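Note sheet for the following structure.
Chain naming follows the written order as A, B, C, D and E, and within any one chain the residues start at number 1.
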Amino acid sequence: MLKVENLNQYYGGSHILRGLSFEVPVGKVTTLLGRNGVGKTTLLKTLMGLVPAASGSIGFGGRDITRAPSYQRVRAGIGFVPQGREIFPRLTVEENLLMGLATRPRGSAIPPRIFDMFPVLRQMMGRRGGDLSGGQQQQLAIGRALAFGPKLLILDEPTEGIQPSIIKDIERAIRSLAATGEMAILLVEQYYDFARALADQYLVMERGEIVMRGAGADMDADGVRQVLSV
Amino acid sequence: ADPIKVGILHSLSGTMAISETALKNVALMTIEEINANGGVMGRKLEPVVVDPASNWPLFAEKARQLVSQDKVAAVFGCWTSVSRKSVNPVFKELNGLLFYPVQYEGEELEKNVFYTGAAPNQQAIPAVEYLMSEEGGAAKRFVLLGTDYVYPRTTNKILRAFLKSKGVADADIMEDYTPFGHSDYQTIIANIKKFAAAGKKTAVISTINGDSNVPFYKELGNAGLKATDVPVVAFSVGEEELRGVDTKPLVGHLAAWNYFMSVKNAENSAFVKKYRDWAKKNGVPNADTVVTNDPMEATYVGIYMWKQAVEKAKSTDTDKVIAALGGQTYKAPSGFTLTMDKTNHHLHKPVYIGEVRADGQFDIVWKTKEPIRAQPWSPYIPGNESKQGI
Amino acid sequence: MRTPFTIRLIQSTPRSGWLAIALFAAVTLAGVPLAHLVLPESNPLHLSAYTVSLLGKILCYMVVAVAMDLIWGYAGILSLGHGLFFALGGYAFGMYLMRQIGRDGSYGADIPDFMVFLDWKELPWYWAGSDAFLWALFLVVAVPGIVAFVFGWFAFRSRIKGVYFSIITQALTYAAMLLFFRNETGFGGNNGFTDFKRILGHSITSPEMRVTLFALSAALLIACLVLGRYLVTSRFGRVLAAIRDAESRVMFIGYNPLHYKLFMWTLSAVLCGLAGALYVPQVGIINPSEMSPANSIEIAVWVAVGGRGTLVGAVLGAGIVNLAKSFFTVTVPEYWPFFLGFLFIAVTLYLPDGVVGLWRKLRARRAPPAAPVAAAAPRRTADRPGKSRDDAATTAKGATA
Amino acid sequence: MMQTTELDRAEALAAAQAAERANQSREQWEGEATIGHVVKPGELDLSHNVILYLDDITVSFDGFRALNRLSLTIDAGELRCVIGPNGAGKTTMMDVITGKTRPDSGKAFFGQTIDLTRLTEPEIAHAGIGRKFQKPTIFEQHTAFENLELAMKTDKRVRRTLFASLRDDERDRIAEVLEQIRLTGEADRPAGLLSHGQKQWLEIGMLLMQEPRLLLLDEPVAGMTDDETERTAELFVSLAGRHSLMVVEHDMAFVEALGGKVTVLCEGSVLAEGDLATVQADPRVIEVYLGR
Amino acid sequence: MFRLILSGRMLGLALWLVLAAAPVRAALDPSLLAGFAGDFQSRMNAIEALGVAGGDDARRVLDALEAGNLGVAADKAVIVDGDTVRDAASGEALAGGRDDVELITVNNRVRRTLAGARAALALTSADRAERLGAAITLGDNPNETLLPVFERALAAETDEEIRGILARAAARINLASPDAPTRLRAVRALGESSDPAVKNLLEGLLQKHDGDWVEAHEDVRAAAGTAIAAIDRRIAVAEGVGTVFSGLSLGSILLLAALGLAITYGVMGVINMAHGELLMVGAYATFLVQGLFRSHLPAWLDWYVAAAIPAAFLSAALVGVAMERLVLRHLYGRPLESLLATWGLSLVLIQAARVVFGPQNLELANPAWMSGGVELAAGVVLPYNRIAIIGFAVFVLTLIWLMMQKTRLGMFVRAVTQNRPMAGCVGVPTARVDTLAFAIGSGVAGLGGLALSQIANVGPAMGTGYIVDAFMVVVLGGVGQLAGAVWAALGLGIVSKFLEGWAGAVIAKILVLVFIIVFIQKRPQGIFALKGRFADG
């Protein structure tokens, strides 16, 4: 579904992404792990077109989207849950969710499964996004990305600030989304147990490079946890 | 021979551009005309145009530049009193020569300045006398309405003293001011209506500054205050200002000036035609509808007076020219031969009172028999008795 | 153990900075006076009275720009009322200048002409002492200072920020302008003060006086730059910048932003007042239009052109815009707004950090880059964090922060 | 003088009574003071070994009660964990303590004497409460070093700050903290350029520099790796005793590592309190928070 | 004064004659015209006499006078008809060219007398409107000698409104009647009035002159007191309504000047110093439409304003698109730069207008249906153009509100301003939304310009006069709060008007500014402050 080849990215003078290549297959959960500041968020921003790729290519569903503006990537079917929630603070919860349907025809309804997953959002429909608690905002951000039924879902540390019971719900939901076989999922996570529980395949990043990769089931065996704690 | 440089110091941008641009145009036209007729003492005139941008300190700076850097023989310029006050010290210090073409409040006499516009006794006082006459409607009650700055305040001070001397009681005078650029005259017009309801014939004397006149007159028209009921006589509204007003509701309201475009005589016809042609030739926007007005005529006369004085003095030296200017005469478009007073640097000017016509011109309804000598120091201000000449 | 102010000041400023200041001081304090007073007019290096006054005026503008930059660039508070403080300083000194006219006015009276004309028999109380030079100096500092302090105290205490603050400063200067337009206010109405004759008994038009005023303006500018430099590199400056970027965070670590803002605000106003006091005798007039909102906006425009957040930028901006204006209004009197307007547009589009930004960019280009220059380089400013947040007037945006 | 009868006498009587009452109360107060200890106004009084009292606090937003008659105390030197569902009011509680939000009703005292509801944010910070926000908030345009410098415990009045310069011991302290938060290498970079996790650390560093008596930490380990989470836990445990800490977290492993008493907040009031094991076993907590 | 009364008396007498008996004479007596050769006053008398005489010939002479064609040649009244000069009395052509004729100047005084003469004639007209006009004209300045005329007219008149006017006019005259009961009746009748002039008249009765009451009879004085109180009440109510109306009207103008800015600045965050120039563009577009109508559709001229609505919107929107595409596009998230660039743009646009259209103001006429006004009471007029502008403000406001709140575009605009990168990441084409939103904001500014053109100056720098006010309205309301802008505009309008009535325009303006400063202290985020935790970073 997503194919990244030899991607490079700089901030000013510093080389943040160094020749990354990987694929995110459909129907699978790919988790990306790495310590703070190794460039995970930068990678996702590059995938979304928020920062231009210096070199390399990004292919999605067979199309080259390396230079496409963000909104076209979304139209192509990429849903994004950014780090730090980035909800629209002065839009209501409902409007935030409707924003998730921006690429859909006018008048599309918010799919009810979002409220099944995050019941609190239904209670808070009329409240402004910025007034929600941190965890509620995180739920809103996930709900917004799921609203239009993306083909590829990119999540940047989605469990941050969310209460344990809902993390479990999210885990189940991601599982089932992947299981439909129609969605590819790229998950960036620091929370090892959560990542391991979900991963079909994993990638470990260090200093802008992918230093380990393998099947999710092998994470413990490969010693990923140890790599992350050095 | 070397050309003689003359400076033109009128705002071409900012709030005053609206009025002053035409003065720059007429000055350029006059200079072209003089050059076409052989120049001054055989030397061509070279205009130096600068833009003081309606900014008073900039006026002083540009004046200094014209006189000390460009070494111009004379400067034609300024509109507002504050701009004149700003440049006065410069002309004094550098012994330059300024021709100021706009009606003003008086209370000033500078050796280096020649005033070709009206002093209050050449505009405001005759206008009020007219309003008080049978012919003018025998007004008994007066509204003195102006923009809040020195010219209106001073003029109204003089008028109040004048009205008092004519036996008008304080209760029959209402004085009101609006800020610069004021554009909402609802309250004031309602107040005027109320004031006028007292049963005595009421007239409004307006010293409202250019920008506020359109909203003022629009409101006047819509509030149904007709010239036959409560006439308004304005001292800052001329042909140029009326170009921006729908004059139909204003027919009959008055203005007092020393010149109107509608004055009928050969000099004026020629003057108007010359300006129209010049405007067309020089691509002035809306050239087919350009008008002439009092300050333009004053500019024109000023330049010619200066020319004659230079020729009489046979020099452009400031002191010699000043000496030669007193007593100069010029047959002006206003239809009279104007004289530069020997002692007070003001022109003797005729006074016209005109009523607005639907076409934006004025019908002259009254005029003085002959030019009047200016009284820059108004006798209606105490302490001025002793002051007259330079 | 504290290091003395001067030593730390010297430490805090790079050598090239000191060199530039010294050079500037030499030129303005010695070069210009000599060129005006000593060199004969025929000498090509002679500076005319016109040039000296023009430069003197621009020096005063530069001081205002620096004052503006201190409060806007470094504290993130956009004042749209700085023209008021400038004018107040000007009026305060103008009162003294009016009194120095003595009986040489048109009416030959003891009180200024406009008062004679208004039938005032004596000076209003607030003119008391205005004939004393020292009192005038005191007023020049005190009036803008007190007005700024009181206004700032209420505004900052109410936590008025961003554009709300900008707008009330604009309302303040606008109201003051209307007030000063009135004759009854006692400051000459629309005509303001003009026709000055003397300072301390010396003719205001003498070349020596002109040069003195010029040199004083230059000295004031240098003092402002040095002081400004010290302030922005001190911890005080860092706290101020922190307030600009995240005021509530600053409170949570124990600084009271009110005091910091108020100090800088008042200081900035006082500097403007001083500049105004030197400006008035050099241009020869002060009238209420100095308080017009557009004038204050223009001050912000100078700073923006030069590059906000750098003191040199403010100076350059004021210089460039005003010289350009003086130049274009003579060479292309009917079209100069086009030139100036396009200049502003070009600066914003091509020099996002003002003129100083350009200079820095050029310097950076000359020095070989430490790492390979990224393709992303042109986006640098857009990606710079806080770029959108640091602005006082960004409430609409800022709310998202 | 004849008229000064009934009325005057009644008034005089009332005044005398009032004076007497005042005297009595003064005596009471002074009596207490003599048997207790001398407290300088504004200084933290830990005489009852309690650093933070929240009593019956209610906060509502447009009718929604974010805090509902919340009462809670924290002892001096205690390390307290606060957990609870999203939207339970944990952040709001910290807002109340730090003066960002004023409660509609209820009392909040720092020590015995400092009424937090009457102080401004800087005054509260000065009194000795430091806070780390849920969303890392640092000074993005300042370097990491400067961030720490600004946070440093010192005289924060304008006059002092104008002439302040870093002493060697202060410099050392900053270096030490930089080391502790692993940002030595980033010391001179603008903090806005740090990654999310690094910002979290920087904010913790700022708290350390501030040396507050009470630290409020809102989700300090969000976005940290497990390894870093452990280190953070160690750090906090080491701080306890000297400082008091209130930590909000959703990471149960972290809460466990901290080992302190746990308070569970739900719908704006305390649902359960006790050690982690007890709380985790509470069916209500499982129902609303932990999940099955 | 004496002469005036005398002439009034003559007029009255003659009218009485006319009404009483005389069939209209066919010929014009040359002696009637003799006065025209005399001084100013005798000319006035002659006009009045002509009015009395009536008839087509008299009318012809009066028409000629009004047209400025009546003159005097060789002490004889003549009418200039093209190049021929005719005897005014007979209509015969005379020898001699028009250069020998001294035309009579028609000034206000002449016009007033003329109007009186015509009104006296029209009072018997068959046309109701003519009679009404005549009654109003004469009723405004009733004169004791007209009393019989009024009374006769009253007897013949059936129309209630005209009767009312005539009755009050008669009553005003009857105040001077020697008969106390008549005076009492008159005073009571005048109690129905709401005219301050009538009030002044009644107050005159209650004064003492040399120790004696002007009105001798106590009952009449008491009735006058009651009548004055009644009139005062009516005037007070009318003035109160008038002030509120003025306030609303000023408020709606402020609102129209600010609405565009409420979008471009309030919602999009662009500090648009060129907003005033967008108003100017709208006004100039209106001017051009007026010109087109004048030259091509003169019959429809009254509707040029309606046709200008799309023109003003589109032209300003186009300028807005150009600004956005060429300049502002590169400045999102950098409001400081948008201030600088738009300041530059504003300089350029003003000067461009000056160069193309000239520096002077342009003339825009109110269409006939927007001229004049309804008179609530004497002195309190609600002008139609202001009523129309209030309506227009409501219309524009509704449009914007629908756009921002009820369409997806509005939501996208808000989302883009709040978080541009994230809006892209949910699939909003941010660049297009920006352009569209800016175009709409600019277009609305253009509509504001159209409205302003109907009450104020249209000139190159007209925008600079509004920019400060517009920003104050938007900010006072609370940035980004459309409803706030509405309240701010109306509030400022009404506060201004009440202060103005109390303190005069200058002090009122100062006080309003001080009020804004104080108000912001109380509400540091404007009237509609953004509440909530996101409001402060």
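We adopt the following convention: a contact is a pair of C-beta atoms (placed from the backbone, for glycine too) under 8 Å apart; a residue touches a chain by one contact, two chains touch by 3 or more.
Composition by chain, UniProt nomenclature: A = Urea ABC transporter ATP-binding subunit UrtE; C = Urea ABC transporter permease subunit UrtC; D = Urea ABC transporter ATP-binding protein UrtD; E = Urea ABC transporter permease subunit UrtB.
Owing to the predicted nature of the structure, the values given are computational and were not obtained by experimental measurement.
Minimum number of contact steps separating subunit B from subunit D: 2. Distance from each chain's C-alpha mean to the overall C-alpha mean is smallest for C.
By number of C-beta pairs in contact, C-E leads when C-E and A-E are compared.
When every chain is reduced to the mean of its CA atoms, the largest separation from subunit C belongs to A. Taking each chain's centre as the mean of its C-alpha atoms, subunit B lies 37 Å from subunit C. Taking each chain's centre as the mean of its C-alpha atoms, subunit D lies 64 Å from subunit E.
Measuring from the averaged C-alpha position of subunit B to that of subunit E gives a distance of 28 Å. Multi-chain contact residues, meaning those touching two or more other chains, occur in subunit C at positions 178, 181-182, 246, 248, 334, 337, 389, 399-400. For subunit A, the set of residues touching two or more other chains reads 11, 88-90, 131. Each of the following residues of subunit B touches two or more other chains: 12-13, 148, 179.
Subunit C meets subunit B in the complex at residues 48-50, 53-54, 57, 106-107, 113, 116-117, 119, 178, 181-183, 189-192, 194-196, 205, 283-285, 287, 289, 325-326, 329-330, 333-334, 336-337. Every residue of subunit E that touches subunit B in the complex is listed here, in rising order: 40-41, 68, 105-109, 111-112, 115, 140, 195-197, 199-201, 239, 242-243, 246, 249-250, 253, 350-351, 354-366, 371-373, 375, 378-381, 383-386, 455-461, 464-465, 496-497, 500-501, 504-506, 509. On the subunit E side of its complex with subunit C, the touching residues are 265-269, 271, 273, 327, 330-331, 333-341, 343-348, 350-352, 355, 417-419, 464, 468, 471-472, 475-476, 479-480, 506, 509-510, 513-514, 516-517, 520-522, 524-526, 530, 534-537.
Subunit A contributes residues 11, 35-38, 41, 83-84, 120, 127, 131-136, 138-139, 157, 160-169, 190-192, 225, 228-230 to its touches with subunit D in the complex. Against subunit A, the residues of subunit D that register as touching in their complex are 61, 64, 84-88, 90-91, 134-135, 193-198, 201, 218-219, 222-228, 250-252, 288-292.
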